[in-house]
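This report refers to the structure that appears directly beneath it.
Chain naming follows the written order as A, B, C and D, and within any one chain the residues start at number 1.
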Amino acid sequence: MSLSALRVAIIVFPGSNCDRDMMVAIERLAGRRPALVWHKETSLDPVDLAIIPGGFSYGDYLRCGALAARSPIMEAVLDHAARGGAVMGICNGFQVLLEAGLLPGVLVENAGLKYVCRNTCIEVVGGTDSPFTAGLAPGHRMIIPVAHNEGNYFAGDEDLQRLEDNGQIAFRYVDSDIVGPANPNGAARDIAGIVSANGRVMGMMPHPERAISAELGSADGATMLTASLEALIS
Amino acid sequence: MSDIMTAPHQDPAMTFENAASMGLSREEWDLILTRLGRTPNLCELGIFSAMWSEHCSYKSSKKWLKTLPTEGPQVIQGPGENAGAVDIGDGLAAIFKIESHNHPSFIEPYQGAATGVGGILRDVFTMGARPVALLNALRFGAADHEKTRHLLSGVVSGIGGYGNCIGIPTIGGEVNFDASYNGNILVNAMAIGLANSDRIFRSAATGPGNPVIYVGAKTGRDGIHGATMASAEFSDETESKRPTVQVGDPFTGKLLMEACLELMASDSVLAIQDMGAAGLTSSSVEMASKGGLGMEMDLDLVPAREDGMSAYELMLSESQERMLMVLKPDATDTARQIFEKWDLDFMPIGKVTETGRLVLLKDGDVACDIPLAPLVDDAPEYDRPQAEMAKRPTLASADITDGRPVTEVLAELLGSVDLASRRWIYEQYDSQVMADTIAPPGGDAGLVRIHGSRRGLAASTDCTPRYVEADPRTGGAQAVAESWRNLSAIGARGLAITNNLNFGNPERPEILTQMAQSVLGMGDAARALDTPVVSGNVSLYNETDGSAILPCPVIGMVGTIEDIGAAVGMAPTAGMALVVIGQTAETDDGWLGVSLYARNLAGSPDAAPPPVDLQAERRNGLFVQQQIADGLITAAHDISDGGLAVAVAEMCIAGRIGAQVALPDGGNRHGWAFGEDQARYIVATSDAGALLAEAKAAGVPAAAIGSTRDAGELQFGDENAISLEDLSNLVEATIPALMSGG
Amino acid sequence: MQVIVNISLKEGVLDPQGRAIGRSLTDLGFQEVGEVRVGKRISLDIDETDPARAEQRVARMCETLLANTVIEDYEIEIAGENEA
Amino acid sequence: MQVIVNISLKEGVLDPQGRAIGRSLTDLGFQEVGEVRVGKRISLDIDETDPARAEQRVARMCETLLANTVIEDYEIEIAGENEA
């Protein structure tokens, strides 16, 4: 089956601002334009992947992702996940997935107490059988930018240990020659992204959709997204 | 003065004292009485004072602004609309403008800066353009001044707070520090958008009878002129101290932007105007007067956030995220649906009329009825006097230099706040959202890809206030030239500019001279470089305790590059020759007058700034653009603050590569290294011979001065080499140390 | 009726903002300042006259939206009763 | 001694956050919710035994750092006295 057979939906909340970027990236990599689904919808047509994009859903008011997580469409996303459907949340999307309870932990304000936008180097950890890491070798390194104010992953020690033991840590920030600390936000155990216990739900702070060609600074995001799409189709 | 006719509504009739407290002069007050044929009421007087304020009427600057070149084959819309528009080919227009938010940012740095960004974005999407890039130009007081840290951190997080949330990348800007800004910082924000060139929206109202629609957020009492509100005699209700700063809501701003763009894609909008300074007043007056028509509005219909708002308050509120539109008569339902989908207020509040008057109803009564013509056409225009300026002497390098090694001075300059890395600032801005950013902040110009194409849009903001102070005409021209150079250095061709004139009190002749002469210089340069002025903004009275800021006419230039793949950065690779463009091999001294060297190391001796040769700027810039397009130049950086040595060091730091640079045999070593002669670039090439031959053929001075090398050290002649890592740490440490109080 | 919800970080959860404020205060010469913690205070106008019922509804709001009970505690004050 | 500072937006200052929260609560079925405003609640451990003096010092902290008096009001509660 070719990638263009894959049905992808991108959920759009008021204040989402990476929805178009993700749509463009997926269309380029898969050859088919994903559907944009407005948050007021209450159902989701059958899809192979639901993506919650980055941005400032509801202005990031109250807590990042909190208001979006209670939006009408999220029932349908929860149902989709409960059936084993794949869900990917990027940046604000990751925050939404945590607020919706699809992934454990919370994302709190960056340790530097400032918004940070720059490249980071992340390493594939993997371990769980997840479509989001399956096509990437453990230890594979990628340059992917972050842009957020609340990317500091926090969970209790037991939860962190469980994530570690279950192989649910998908990506970690690692040292590189990029100016500034490897971990841009103080995240516990340098966590950049995690997956659910069954590997089908993934959230990450870095933006792969912004790193899809050398001209944009890196094409590693394209590698990562393509690997995920391929794993989902097979 | 007797009432010829009673003013409408129950509002008290005004006196000259009232007018004076709103900033109007005796002559202006008399003019209002004559034009109106009676005394105005509070609401009417408020409208006059707002429309005749310096901000809306440009009364002190108009005479000079008129001298600027505003036309050219590329210009679709010059000054006069919400933003300027230039043709960038492929049926597209770049729409852009810069605007100041200096005073609010000093009072409340976060909100002041945030609403500055929000305001300039509205100016751009009002014209039907989707914003694609933001830039800014900032001036703070001395780095060690007690307020600087607080103001800088607030302004930067405010700019980021709005731009990041609404999802427009910030791709460039500039920051200077000088004690003259201790009590009056400058916060200028620029936005660039893209639209189809045949789908540009303007503000002139058309079609009497057509509905006037209010959309966006509700109106509150924020931003109403503080001085006016404090005067108890204007209002019988006891005023608590109302905030005079507005609070931005980027979330609503984003919804408003999406809703407006969605509506504009349908065929519904006849005219549209954002509510910026003086809110509903300036938007309604401008729309009606530009259309040569009148307008009638029922203020009871204006969506209000608070109860009991008076006509005066409703008309002068500067609440954010609001727009006024004239729709086609049958389009109201379509429009309403769109705004409701985005959870925004949508309210028909009036209609276009043929009367040439602004008529406002409140509580079923007439609250204002004034002819529009005087508000706009009779707005005062002043020809204020200038002062004689003594010509400054040319400084001899030998008078201020010593024999210290170049690298030692270099380290000192690079560690200063003037040249230190701005990373701490620009990493707080989302520079990559929209996934089209080719060159984020950190290089000479920002560059975004025109979505879905191979072409790029480049932009830079620039001004060197110390040059403007020393010689306004040269300084005005230099600001344009530096922007042009910053674009050329990445391979882009400047197309047009916007400007933000930040000066002190124009009623002082020496300040008027600064403004007038720098505008003339700006015009000279804009003509020579074919970069007409398409929009701009004026901010005067930037003073504290009678001392003015260093004059700061900021230029924002926008240009294009045909193939983003051909654009270069300033990072050279190993084994490259370094060539200086704009200077010959024989040059062994440079212009230190008013340089950063003179200012930071020699106590700013009185001197003339480097002259600006516009023909050389043009020729050298076009040459660099061409050689970048042809691939002969692989990295480039313009020479500006700090001169040649600083430019080379910045390239080495960017490329993480060392270099060996030859020193001239004679002349003045520091003058050569740190002089700020204009129209120059350092470029890297793998074929110096070919590049020098091209330069010779084009009549462009050029000389090979050295080459990059892997050793990780920068060396001038046989002086001690300096480690690149040390230089890099130096440059990166300064602002973080300043901001952490170190 | 006005109801106030005070939301604070659970004990043991790191509060970098509070720490930064504490440090700034000490730098500014307020040597007496020890730990600083920052929470939220949300005030709600509730169309409800029975305080018990108001409290119960607001508790529901906290559980569903206002607080993230993974890291936050909340406390409800019925302000309408005590105040003018 | 524990001192609490409640910081709220001045009346008339737009509270976009409060508005967004209010709308979400209504959408979630809490129809009784009217205006919502969000403020900060800062708790400070102060090494000081005299409540009057503590209050005076904290007021100074509010003016210099904790509150932005252009748009915010503050209110000081000496918690140590009334509570356990």
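Operating definition for what follows: a contact is a pair of C-beta atoms (placed from the backbone, for glycine too) under 8 Å apart; a residue touches a chain by one contact, two chains touch by 3 or more.
Quick caveat, the model's predicted, so the values are computed rather than measured.
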Selected interface, A-C versus A-B, where C-beta contact pairs are more numerous: A-B
Interchain centroid distance [CA atoms averaged], chain B/chain D, Å: 37
Length of the line joining the C-alpha centres of chain B and chain C, rounded to whole Å: 41
For chain A paired with chain C, centre-to-centre distance based on mean C-alpha positions, whole Å: 30
Multi-partner residues of chain A (at least 2 other chains): 58-59, 61-62, 67, 70
Junction residues of chain C, two or more chains touched: 64-66
Two or more partner chains touched - positions in chain B: 249, 251-252, 343
Touching pairs - complete list by chain label: A-B, A-C, A-D, B-D, C-D
List of chain D residues in touch with chain A within their complex: 16-17, 20-21, 24, 27-28, 38
Complex contacts: residues of chain A adjacent to chain D: 58-59, 61-62, 67, 70, 72
Residues of chain D touching chain C in the complex: 6-8, 18, 21-22, 24-25, 28, 30-48, 57, 60-61, 64-66
Parts of chain A lying in touch with chain B, wherever the complex brings them together: 14-15, 17-18, 20-21, 24-25, 54-56, 58-61, 114-118, 145, 147, 149, 177, 179-180, 207, 209-210, 212, 215-217
Footprint of chain C on chain A - complex, ascending: 62-63, 66-67, 70, 99, 105-106, 108-109, 111, 113, 152, 154, 186
